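Lettered A, B, C and D in written order, each chain numbered from 1.
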Amino acid sequence: MMAREIGHTVWALAEGYIPAWSNGPPPEFESHETACILNAGDEPANVSLTLYFEGKEPVGPYRVTVGARRTVHLRFNDLSDPEPVPKGTGFATVIESDRPIVVQHTRLDSRQAENALMTTMAFPVR
Amino acid sequence: MMAREIGHTVWALAEGYIPAWSNGPPPEFESHETACILNAGDEPANVSLTLYFEGKEPVGPYRVTVGARRTVHLRFNDLSDPEPVPKGTGFATVIESDRPIVVQHTRLDSRQAENALMTTMAFPVR
Amino acid sequence: MMAREIGHTVWALAEGYIPAWSNGPPPEFESHETACILNAGDEPANVSLTLYFEGKEPVGPYRVTVGARRTVHLRFNDLSDPEPVPKGTGFATVIESDRPIVVQHTRLDSRQAENALMTTMAFPVR
Amino acid sequence: MMAREIGHTVWALAEGYIPAWSNGPPPEFESHETACILNAGDEPANVSLTLYFEGKEPVGPYRVTVGARRTVHLRFNDLSDPEPVPKGTGFATVIESDRPIVVQHTRLDSRQAENALMTTMAFPVR
């Protein structure tokens, strides 16, 4: 079994948007914006997210710990501290970690009858 | 709160296409092609976009300023100077900035009853 | 005809999810999560996948051989050794190879009447 | 107007698939797999594509010229020389150019009533 550090400590996403409504039973079909984080190393990763907006100062840090050899599929919908992420508003995100991680971005949009999906690896800053 | 420069100063997108029609109430369900730009630094970023086409010379620069610690979700539909972006035609885009930025590309296609979504980080040139 | 080694030997995906059900005739419309692997070189590539989860230790290695000058579109649904991949659960994947390969991630989600698609290049670790 | 070389000379896509049928009026709603190529430089780019398969030797080169300061949105459906790309079969692609280019991959899948879309930047090999 592989156990080692993989990835970068700072990642960025320029796109972010939580649709204002959904069409389908939650939680599976609730519209969501997800940052999937992989910590393949043997030490827990302390991760901080800072959100950037079009018309106001950044909000954060939102903090999450990703255990050793674990992944977290973090839903922006679930963030509440320091404040919930506003819906129907564009944002961007910088993810920082004290250990190397890998970050991938996925959105499920269920505002209409059928789902739409999109994904991309985040941008590895350093 | 993090405040620093992140990213690159030249980015490229090889895909671009504004569908010629939409199916749903604007602006949320208007078909759109978006360049999401993050400026995490403490100085405004002066950004220029140049559009490349299949059958004619490039058009631009289109100019946009992204404030310090701000993001702009730029819709190609909204560009008008030096000229609107033609619909139903493929194009590519080079994005240049005087400050490091991060660029992500997203399309919402609502030509049919249900939305389709796609996204990718732009290609960091330098 | 080009015949040479292209890519990296370690790749990572932070997102992974096999929907728990489908809507459409298998195998084409069965919901699936795919790791597309290209081996452009002249020697077979011995590939190992390790899967990471939110609440348990990693599982693997899953082994697959990609022949010289071949591609494999590997469905996570089809993995069975050392154990099937659980459905309806988030996971992440590290892909290792003894030869350079290129890895791209695609999901077809057919849980609702219409398909949703997403893709991204995996993250090249080394 | 910017006029210069941007990108890489070898790119790879590990995913490729032309659906075997469509649902909607061609050419706009014909299912298609596209390699979008940007040549931002002042010289034409001579581009060669080699396709890799699961069960047979690679096919190619398919040749296309991308003019100076032009983009080509190349549909794999349209390739015919040395032979058409088989439908309903997975493949991978290596794109080589004598000038720096940028390559992005997009699929429109219209096999069902509503479209699905996906995109990613290709992997820059060198």
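Operating definition for what follows: contacts are C-beta pairs under 8 Å (C-beta built on N, C-alpha and C of every residue); 3 or more make two chains touch, one makes a residue touch a chain.
Molecules present, by chain and UniProt name: A, B, C, D = Sensory rhodopsin transducer.
These figures come from a predicted structure and were not determined experimentally.
A.B. asks: Going by C-alpha centroids, which chain is farthest from chain B (Sensory rhodopsin transducer)? Tell me that one.
C.D. replies: Comparing chain centres, C lies farthest from chain B (Sensory rhodopsin transducer).
A.B. asks: With over half of the numbers shared counting as same, classify the chain A (Sensory rhodopsin transducer)/chain C (Sensory rhodopsin transducer) interface as same or different.
C.D. replies: Here the answer is different, because the shared fraction of interface numbers falls below one half.
A.B. asks: Approximately how many whole Å separate the CA-defined centres of chain B (Sensory rhodopsin transducer) and chain D (Sensory rhodopsin transducer)?
C.D. replies: 21
A.B. asks: Just the number, please: Cα centre separation of chain A (Sensory rhodopsin transducer) and chain D (Sensory rhodopsin transducer) in whole Å.
C.D. replies: 30
A.B. asks: Which residue numbers or ranges of chain B (Sensory rhodopsin transducer) touch two or more of the other chains?
C.D. replies: 113-114, 116-121
A.B. asks: For the complex, give me every residue of chain D (Sensory rhodopsin transducer) touching chain C (Sensory rhodopsin transducer).
C.D. replies: 10, 12-17, 50, 52-55, 57-58, 60-61, 88, 90-92, 94, 96, 105, 107, 109, 111-114, 116-123, 125
A.B. asks: Mind listing the chain A (Sensory rhodopsin transducer) positions that touch chain C (Sensory rhodopsin transducer) in their complex?
C.D. replies: Residue list for chain A (Sensory rhodopsin transducer) touching chain C (Sensory rhodopsin transducer): 1-2, 6-7, 24, 28-29, 34, 36-38, 40, 69-73, 101-104, 106, 108, 113-121, 124.
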